[in-house]
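Step one of this worksheet: look at the structure below.
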Amino acid sequence: MNRGLVSRSKKIGMPPGTLVHIGQQKLDVQKISVLDYDESGVHEYEIEDVRGQCAGLKEKPAVTWIRVRGLHETEKVKALGECFGLHPLVVEDILNTDQRSKMEDYGDYLYIVFKMLYCGVDRREVTQEQISLVLGPTFVISFQEAENQVFEPVRERVLSGKGLLRKLGPDYLVYGLLDIVVDNYFSVLEKLGENIEVLADRVLDKPEPSTLREIQTSKREMLFVHRWIWPLRETVSMLGKRDSALVKESTIVYLRDVYDHTLQIMDAVDLYREMLSETLDLYMSTVSNKLNQVMTVLTIIATIFIPLTFLAGVYGMNFKNMPELEWRWGYPLFWLVMVVVTLIMLGAFKRKKWF
Amino acid sequence: MNRGLVSRSKKIGMPPGTLVHIGQQKLDVQKISVLDYDESGVHEYEIEDVRGQCAGLKEKPAVTWIRVRGLHETEKVKALGECFGLHPLVVEDILNTDQRSKMEDYGDYLYIVFKMLYCGVDRREVTQEQISLVLGPTFVISFQEAENQVFEPVRERVLSGKGLLRKLGPDYLVYGLLDIVVDNYFSVLEKLGENIEVLADRVLDKPEPSTLREIQTSKREMLFVHRWIWPLRETVSMLGKRDSALVKESTIVYLRDVYDHTLQIMDAVDLYREMLSETLDLYMSTVSNKLNQVMTVLTIIATIFIPLTFLAGVYGMNFKNMPELEWRWGYPLFWLVMVVVTLIMLGAFKRKKWF
Amino acid sequence: MNRGLVSRSKKIGMPPGTLVHIGQQKLDVQKISVLDYDESGVHEYEIEDVRGQCAGLKEKPAVTWIRVRGLHETEKVKALGECFGLHPLVVEDILNTDQRSKMEDYGDYLYIVFKMLYCGVDRREVTQEQISLVLGPTFVISFQEAENQVFEPVRERVLSGKGLLRKLGPDYLVYGLLDIVVDNYFSVLEKLGENIEVLADRVLDKPEPSTLREIQTSKREMLFVHRWIWPLRETVSMLGKRDSALVKESTIVYLRDVYDHTLQIMDAVDLYREMLSETLDLYMSTVSNKLNQVMTVLTIIATIFIPLTFLAGVYGMNFKNMPELEWRWGYPLFWLVMVVVTLIMLGAFKRKKWF
Amino acid sequence: MNRGLVSRSKKIGMPPGTLVHIGQQKLDVQKISVLDYDESGVHEYEIEDVRGQCAGLKEKPAVTWIRVRGLHETEKVKALGECFGLHPLVVEDILNTDQRSKMEDYGDYLYIVFKMLYCGVDRREVTQEQISLVLGPTFVISFQEAENQVFEPVRERVLSGKGLLRKLGPDYLVYGLLDIVVDNYFSVLEKLGENIEVLADRVLDKPEPSTLREIQTSKREMLFVHRWIWPLRETVSMLGKRDSALVKESTIVYLRDVYDHTLQIMDAVDLYREMLSETLDLYMSTVSNKLNQVMTVLTIIATIFIPLTFLAGVYGMNFKNMPELEWRWGYPLFWLVMVVVTLIMLGAFKRKKWF
Amino acid sequence: MNRGLVSRSKKIGMPPGTLVHIGQQKLDVQKISVLDYDESGVHEYEIEDVRGQCAGLKEKPAVTWIRVRGLHETEKVKALGECFGLHPLVVEDILNTDQRSKMEDYGDYLYIVFKMLYCGVDRREVTQEQISLVLGPTFVISFQEAENQVFEPVRERVLSGKGLLRKLGPDYLVYGLLDIVVDNYFSVLEKLGENIEVLADRVLDKPEPSTLREIQTSKREMLFVHRWIWPLRETVSMLGKRDSALVKESTIVYLRDVYDHTLQIMDAVDLYREMLSETLDLYMSTVSNKLNQVMTVLTIIATIFIPLTFLAGVYGMNFKNMPELEWRWGYPLFWLVMVVVTLIMLGAFKRKKWF
């Protein structure tokens, strides 16, 4: 998959605000659930007919959390957008799953978009899912590409009434969702970090071209993670600084906490990238060190035997008149010379610290 | 072609505001078409005599879109500039096709210049075309170097009356043009991205010097693309922040959307550049790995056979008195020694993890 | 240990403000001591029953310094937080020992968190401990993970009444604690600096793969130190700029002094990192220089003897008709040719500056 | 020449404002010409006696352009400075030819200093000349180190009355001079750019150490060019933002144009530097690729022949009892074995993609 | 010496403001001289008893310049600080000679600290000395570590009454001292620059490992110089922007001049660092080029002779039945084959551009 850019070719030339789902369809059926709650109680139900069922929801005083999973039925998303008075460009952004994380203030609602990360079982490939949140005075709409369980703990806290969720407004719900997303980043990074340590050990143990390839895959994975997480930092910071009436004073201190966590995440990503660079350097130097060793052995062997072989060749010549051949101790003398030359050479190499 | 700088030699020493077309002539005949429209209707016609036909256009209340294709007939461009009261430096910038993307506010009109990118059929070379826009209270003038179909969808939307174009003013038309240009960047980058993945595969499959050269060509291409797109980001940002009366409040949210797209584009360019660097690293390490292998094989072969050859040479000597030669089992013993030495050496190499 | 990120897995999905100790338990028993002092006297005692003993402490006019060592008994920390009216998120941050250094203003108290560094005996590994400070109008609470003696000199100055500590308020006490932490950084960096110089000497003396590995370990250590110290700079700077009523005018000049020290520390860290990079370069060039030498020796020996051996082989052939073999001076002539060829070659190598 | 720093040794310890010419004397005789003009006419004359002839010039309402070429006669420059009321530090800066480009506002006059660049005939070495401009309410003084023709076109436009020069004030004259200097940068960079392309072609054709040296010379040249041009960008920007009464509103749009050109220049310099880095990389990889090839050939030849030579040596041994030697088909069999071994080895190399 | 950090170990745990001299003692006896001057006259004398002789100095209307050389007698420095009402932290900073250059405004006096640089005779090692200045309404106190003659020219100008020094206040004296320090930087950098050019020549002439080591020493020296000079830029900039009553309007233009000089200095340092990097690259490529040459020669020789030697070995075999040996022209034919094979190989190498 070309992960740099999602293909937008089908959109060129269309008027802005044209609603096309850009991205992979990750779910068979789109699901829309509603969670209506206030301090006194909770009511959960599914929505089939968007226009009919959502009509009065915007005005209801209780907090309404609408969870949309799956984006391919653009018509429903559009109807939802119209019910809640969303700008066509917001609906377009929700459907185009190659957004950069951002926060936009449309006066009577905020639009927040960011990436959720998932780690594959083999700890190597990281996949992402775009999540959009719309925060209104009494409602939150969350859009996910797939049916992931990431928001389940929040839903359960709402249902059970534990914590502050039921007591506070929709801005606190948005905080809760952001918080769980960022906590999830921690667990993804932990797994990537473990993989990096495994790689470092393998480099020290037995460096192979395949290890190199894995280091480079990890580096690329980190590059993507960095690119996905980096703009979130700014998004959360903007949200925490809002004087928008939609984010209450009491929630801001919680958002600042999420912001601190994104800083820690970015620190960890930077650290892992540097550790991968170091592991790569280590690989390179281990390999080049081995080559050095190989070459040194070759040189020692060759340098010792080449002159000896020459001498053996000399006494294999068929000249008529070679007095040494006739000497009584010629042959033993030959061996003596061989041994002496070898010892001298070994001494010289030793002095040059070749081994 | 020297793509770093267009030659300006012919301009040195000329008084500022001298109108010379700097760049290649890309079209035989310059064409000027007008599109006059408001909510009620559209009128399209060609202009031959600029001074005569453009006289009253500036004051007409309907939106007037003047499309100029080709810049070599500087006289016509100058006449157009005078009709609409453009500053001589603006006309000069329109004609000099080596501008950096920028936005300039001249009070009663805005001047915007940027680069359109085209991808060659072989996906490797990217060519650019300078496009200038002048946005006045009731008119938009667009200047292209060549007859490209890039603005065709906008023209068709104006003619058909689909979308908001006919309902809104010239600032929305400028947005429409910018939007289609940025969408075009996406498709160019998509093609470049595909090429990068092809290169990465080839490096893994069979790395050759020609692959290296293509990686470096791609890097240079990305360098140019980066240089052409980068200043556009700022241009669009300035346009979206304008409190100029020429850009209406309602259009600003659309311009912000274009701005987000330029951010995505820059992200993708950065990503591709990093991916190319990685591919280059991969090439280098693959090649050096192969050299390592070659050297190791050489060393193993040479290290084993050099001593053996020496011994063979010894027993080829013609000394009178070589008792081994007379031994009954001399020859088989020789082979036995050879085999033992070889096995010892292979064991040592194995222990050093040479193969 | 994965030093990039402390595992947070156990926290995912929990409501914010849930108090879990994240980090290693470094102490068997948690200790809480109180130091109550003003200009007239000092009173020191241990606290067992937090809720009971801390009840009125917040309102007492004398300066109260509560020292908590060990964080695993979260219940006590929580009780302490409630006694002094700390926000649940502050208590959560105190217990999570993977904080980035920061300063947060909660109106009636400031929360400061940073890392204390310790150098192992072998000067190589640096360990860290998270220290949290809470500064209120009349109290300071310090949280340490372990029972380290780092704050002992401050405690002794309070007990003995030397210096300004007893005369000034809790903000000056916070300054005193920060000052001793930063002074400690100096001593840690000194030891790391000595180790770097030792490494540089070893590279010059006898570069070995193990030296390389130590250089890389040192680089990683510096990476961690940089990451731990860097945010402190900003923390101290914010503290020094505070117009919070909690930090008095007279203390700000002292905080500026600590800030200058953190700048010196960061300068030194940067310097050490550059010195390590240089040492690495030196290692690389020394090793590659040795390889050059080895290859040159091999080439000289091989280049001289290969042709000689060929000639010796020629005159070892058994052709019927080889007139040279019959010459009277054939053999001496052979040696003469050998010597002449060798001398010519040596001369050529000399001219090419090969040795 | 040490181009990093002009020697200032002779100035150490002197009181500030001491006038010493620092730099090379590039002209035998210092020339001072005056151009007095307004819309009605022009008057040009040489000045010999500075104090006598310059006395009333400052007050004359017509625009006065004083061109000083050559700086070694410090006395005259000092006299000129006194006539026009320049601060001693300005006169000192004019004489010290190692200034960084800058703009300084002294209230009733502006001081601007920058570097003029010249390209040697062989396109390789770039030389610079410091040019100082003083802009007063009715006068412009330009100081050049040598008699270069760079300002000639401006002088001719003043003399001929073409363009706006005669109609507008001294600030427009300063613009004209800056414009011609920046246009000159374009032509210098064009030549450097051509040289870079020549180098790139030579690297592809036949890479030699001398090519490498030229690439590095070019890089250094670019380093100097960057250093000389970079601060000009800021100078022009400051000039264009001035609300000084000396720069009129109408001139500011022209200065903005010059500013845009300096941005283009800096873009081009950055591009050329990246292109040079790429050319260097290309050289390196071409050379290392050749070494790879050489080593591979050596290995193939050696790996094939070393075992064969060993076998030939074996059958050249003089053991009594070597049955193979007596076989009838021994010799042909030997050749057969040789051929088979060679073919097997070639096959193995082919499979490993060594050639 | 560990130049990264001066040892502060002896200070850990001490209360702030404790006065300990940190640094080397560079002088046997501490000297304190006073220079009392106004427009009418000068009075110079030594101070022995600080408390007695300095009592009324602060209030005297004439400018008082107190020069302290040597810092080890901390008691005297403390007494001086008390006489002139310096904050204890300022006195502490004066005595700790590892300060970063900075400027601090204490309301009724400014504290400025920076590094003086000296170049060793062999042009290689640069040493530094910390200089502190205290600027009050009518006095300047300068603290040096050693008895260097760097301020001598200023003292002489005060004594002789040349220049503006006697006419203007203490802020102009501070300017004079800063100016001479920065001028001194120029001469130090000039010498370092010359050394760099010498190194570059040696690399081109005969690159040896010792040259490499010197390049690296020079790089490290530049690193220290950069670190010492860099913060001065900001110090001078802050001083020039002061609206403190202590720095008069008329002096600010002079300080701006010093600031420009520090910019030039930093430019030169950056340039030298880049030049050193280039020299290093040149060294590396020269060395690797030589290795290439060596390997190519080895390969040519070996590739030619290895097959020939094999053939010679073949005809040295003792097979019974070798028909070639019996041929009449066998031996000459052998030589013919040798020559032909050699020529073919040389041709192939030539075609591959190996030499």
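Each chain gets a letter, A, B, C, D and E, in the order it is written, and its residues are counted from 1.
We take it that contacts are C-beta pairs under 8 Å (C-beta built on N, C-alpha and C of every residue); 3 or more make two chains touch, one makes a residue touch a chain.
Keep in mind the model is a prediction, meaning the values are calculated, not measured.
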Classification of the chain C:chain E interface as same or different, half of numbers criterion: different
Angular offset of chain A relative to chain D [C-alpha, multiple of 5 degrees]: 145
Centre distance in Å when chain A and chain E are each reduced to the mean of their C-alpha atoms: 42
Length of the line joining the C-alpha centres of chain B and chain D, rounded to whole Å: 26
Residues within chain B bordering two or more other chains: 295, 298, 302, 306, 309, 313, 316-318, 322
Pairwise touch network: line, ring, star, complete, or other: ring
Complete ring sequence of chains beginning with chain C, oriented so that chain E follows: C, E, D, B, A
Residue ranges of chain B touching chain D (in the complex, touch as defined): 2, 4-5, 7-9, 11-17, 87, 89, 92-93, 98-100, 102, 104, 106, 206, 209, 212-213, 216, 219-220, 223, 227, 284, 287, 290-291, 293-295, 297-298, 301-302, 305-306, 308-309, 312-313, 315-318, 322, 324-328, 330-331, 334
Residues of chain B touching chain A in the complex: 152-153, 157, 162-165, 175-176, 179-180, 183-184, 186-187, 189-190, 193-194, 197, 253-254, 256-257, 260, 263-264, 267-268, 271-272, 274-275, 278, 281-282, 285-286, 288-289, 292, 295-296, 298-299, 302-303, 306-307, 309-310, 313-314, 316-322, 352-354
